[in-house]
Amino acid sequence: MKVPFPGEIDRRLLNERSVSGRIGLQLQEIDVPEQPFPDAGLLRSVEARLPEVSQPEVVRYFTTLSAMNFSIDTNFYPLGSCTMKYNPKVNEEMAFLPGMAGIHPNQPDETVQGALQLIWELQQDLGEITGLPAVCLGPLAGAQGEYSGLMIAQAYFQDQGDFNRTIALMPDSAHGTNPASAAMAGLEVVTVPSDSAGNVDVEALRGLVDQRTCVFMLTLPSTLGLFEPNILEITNIVHEVGGLVYADGANLNALLGIVKLGDLGFDIAHSNLHKTFSTPHGGGGPGAGPVLVSETLASYLPTPVVDRNGDTYRFAAPDKTVGRVNGFHGSFGVLVRAYAYIRAVGAEGMREVSENAIINANYIRTALAEEFGIAADRVCMHECVLSPQAQKAKGVSALDISKRLIDYGIHPPTMYFPLIVPEALMVEPTETETKDTLDRFIAVMRQINKEIDSDPDLLHDAPHDTPNTRLDEANAARHPYLRWQPDDDLTAVD
Amino acid sequence: MPTNISPYIPNTQDDRELMLAAIGVSCIDDLVLDIPEAHRFPKLDIRPALSEFDLTAEIGALASRNAALGEYACFLGAGAYRHYIPSVVKSVVARGEFLTSYTPYQPEVAQGTLQVGFEFQSMICEITGMEVANAGMYDGPTAFAEGALMACRITRRQTVAVLDTVEPRNAQILDAYARHQGIEIVVIGHGDDLPDDAACLMIQSPNQFGVIEDMEALADKAHASGALSVASINPTSLGMFRTPGECDVDIVTAEGQALGVPLSFGGPYVGLFACKDIHKRQMPGRIIGRTTDTKGRVGYVLTLQTREQHIRRERATSNICTSTALIGLLMTTYLAVIGRAGFKKVAELCYHKAHYAAIEIDKLPGYSVKTDGPFFHEFMVECPKPPAEINRALIDSKIIGGHDMSDRSNNGMLICVTEVNTRAEIDALVYALSEIGAVR
Amino acid sequence: MATPDDRRYSDEHEWALFDGSIVTVGVTQFATDSLGDVVYVDLPQVGAEVVQFEKFGEIESVKAVSDLFSPIGGTIIEVNSDLMTMSEKVNEDPYSVGWLIKVEASDAESQLGTLMDAAAYDALTAEE
């Protein structure tokens, strides 16, 4: 993407532009009698070398930087498993209302009844949508929701005197946070293979579950964008040995109003509000990863949750809570946005979201499966995984294809995930894209495919016009340069 | 042509029909055949869709039932702080290119996010006096817990010593993270020795009572036992107070909210994490590094990624994935705007106003300021009545009082004064406290 | 480059060069080809014990981490500290400047017998 102004972009850091004496803000004068300072030994002896720039410079700097980003607001962004859907602007306005952005987390409950009501209603709505009615909106991201869910599972078993449940089973296609969260929770990770159709190998699962099974963690639809045709059998197999079934809700955008996780036998789930429920990704967060459970497990939820008593709302600690996973009550600003989204979309609108997400993904799959290879040759849900092995055989990798897409102003799909698919390119268009955009994406992909034969260097050297071409990541890892140093030479890296 | 229902979904009826035909099915039902029929298309018992007009009215009504701090004088701190947020900060974070982009895994199209992140890391190093910092974590308390886990990995010890002046909530969160890894938490007093197998000593400065700790002495104590020191600090205070870097602390964490982030009822916030360079490969979270591209130009990338979950999976340094990049942007913009001089001045304003307030409150009959050491902008007051009662009365005077600490200190209230508390507000607080204290 | 025939190999793509009971250990070209640019090597200290065929460290590229399994058992007497600042040496020449550790083998002769020669190693990699 060409940055929308000609000439070299000035990549100097703020400290490199600083001039002694410049200020960016006029602060208020002191209006109380000055107090004696503590002993010099308590004071810092070295100044923090923060920038000295004027306000217009700050604005120009950050605005210019922003122009170097691709984003949903500017580009088609079909990142599989991330659900890069439109982030409604009204949600931003709601989150910044003084009554929402300007309340302190330690204020007494009676002064924040509106906020507590919002949290309570969101608990209800998410519980209803997923069919897992007991909800804690505290976890600050999906990974924290996962960790909370795994703690809940263990607490449940230990409460019954069963200290033997030490294993977390998950498919080989699981997202990296699943085994990472399981390890953090002190569980042993055991992988269940997928069959040739890309589904959980049910017989293998049957052979792997036993009395040590704490949870089976499953993403539904899977990370290949496929719904498990044997889902009821799967949850049954786990329940039969007394284990619990956990849903990684990252792909919930395919299931809204289509099916409820609770109905399928799931006991615990987390949802990513920054995916399914339209809250902005912000360049890497903030998110929110609520944990949702069946009534049986409600008393183990992390603290706090919001309870309602008549017209009054208050924070409460579940009786056997697994504890507190974060400083306050969760990412409230994110919760406001998700709440606004759900209220705007409404009951029937939910199903419309998923239906269109599914249609859009299948439209792309149908158009590109033959030319690029598809990980699973059947109907997908809200995302599809291409596997361009024929292209790889010609010396062009999924990475090369991805980088070439950038030259056409399209953000690459998710690359090399799931790990079980060679040269994986996971495409998730979402429901907020027009058919025109999808048609253009298809046309561009076909064009790129032709370029592989006519001029493969176009791909190998891509992207061409971005502020940086391919960056030397090996060097960045070998010789880490992680902060501004004075007397920086902008061209030297060591 | 009937209009669509949702403005967020462009597909018209015609679009759908064309696409279904291209896919080779006649209706949406044919695309969900794998879903057990008995459970397909459940009715969702949530409210119907709202127009934007009605939506803003409903949420506006909820907002109006909250006592927003713009209408009240606020003296509440205890982990989240009210500071002035410059307009530039809000306008920068509204840029759609920052707001609606993803984690910068494709660096060529994310140099905005990456360069901001590099600035963020650099500024944290400057503020804390530490050698390296990561690109942010969920919040202060979880960063603190991650610091303990990191110390255990480095020292290969399984006990964490926590000073008893650390906010108990932070210890609770640490417990939630530590208990499943066989890590034991031991709370000790200032005079106690560290357990032999302590991986680290966890300290907080200012501590839960607002008092500045002697970080250097505590770090020395930890090192004498072969343990690391992990300090949770208040970033605003470092505009004047001695940095953990100067005190030879090994791992530093903080809540970054005070630096340009709205209070927003507790989140989203940003956890700061910094450490000595030798430990950088054990740091959790994302790290951004500088490098060059094929044309030799400077650029930034996520680096040292082999620590993270998407590569190391169950052996990752942490399970953290989505973090708090946008909040990091708020903080970076704030520090750029207030700048070198402003960072000092904000701290000094807080200090002077808080100390003025403390002197005036201490004069009041029935009230007694209880600090057993130097403080920054929070201090403990022993009140003549339960703080909950006092706070209820203060609300009537449009004042939000300090944090109720009576569970650990007799009628204790932690009062916080920042640069946004005018003298008039402070004097009004003092007056209101004296009135309330006088009432039987 | 051709697989040097002056040393032995394990099926974890490590080589062991014997000089009496002093054994130098490294990874093979096959290993570095599949890893890509090596960015970091995590090795134990001098004096540490290694057990034959057990993990003794890790080797990292930008996007992957692999365990290092020792082809030999004994005590580490030297570690290639150049790799701390110049991990690219492993890619440059994994058989000479890219060596990892030197071990005083506990039982050099019998351990040598458990490893394969260059020809057998080539046959193994031809299959993979």
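Going in written order, the chains are labelled A, B and C, and every chain counts its residues from 1.
Operating definition for what follows: a contact is a pair of C-beta atoms (placed from the backbone, for glycine too) under 8 Å apart; a residue touches a chain by one contact, two chains touch by 3 or more.
Predicted, not measured: the structure shown is a model, and the values here were computed from it.
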{"item": "Selected pair, greater C-beta contact count between B-C and A-B", "value": "A-B"}
{"item": "Middle chain, criterion being Cα centroid separation", "value": "A"}
{"item": "Whole-Å separation of chain centres (CA-atom averages), chain A against chain C", "value": "39"}
{"item": "Gap in Å, rounded to a whole number, between the CA centres of chain B and chain A", "value": "19"}
{"item": "Chain centre separation in whole Å, for chain C relative to chain B (CA means)", "value": "45"}
{"item": "Per-residue multi-chain contacts in chain C, two or more chains", "value": "39-40, 60-63"}
{"item": "Multi-partner residues of chain B (at least 2 other chains)", "value": "305-306, 311-312, 315"}
{"item": "Set of chain A residues in contact with two or more other chains", "value": "473, 477"}
{"item": "Residue numbers on chain C that touch chain B, as the complex places them", "value": "39-40, 60-65"}
{"item": "Chain C-facing residues of chain A, complex", "value": "416, 473-474, 477-479"}
{"item": "Of chain B, residues touching chain C in the complex", "value": "281, 305-306, 311-312, 315"}
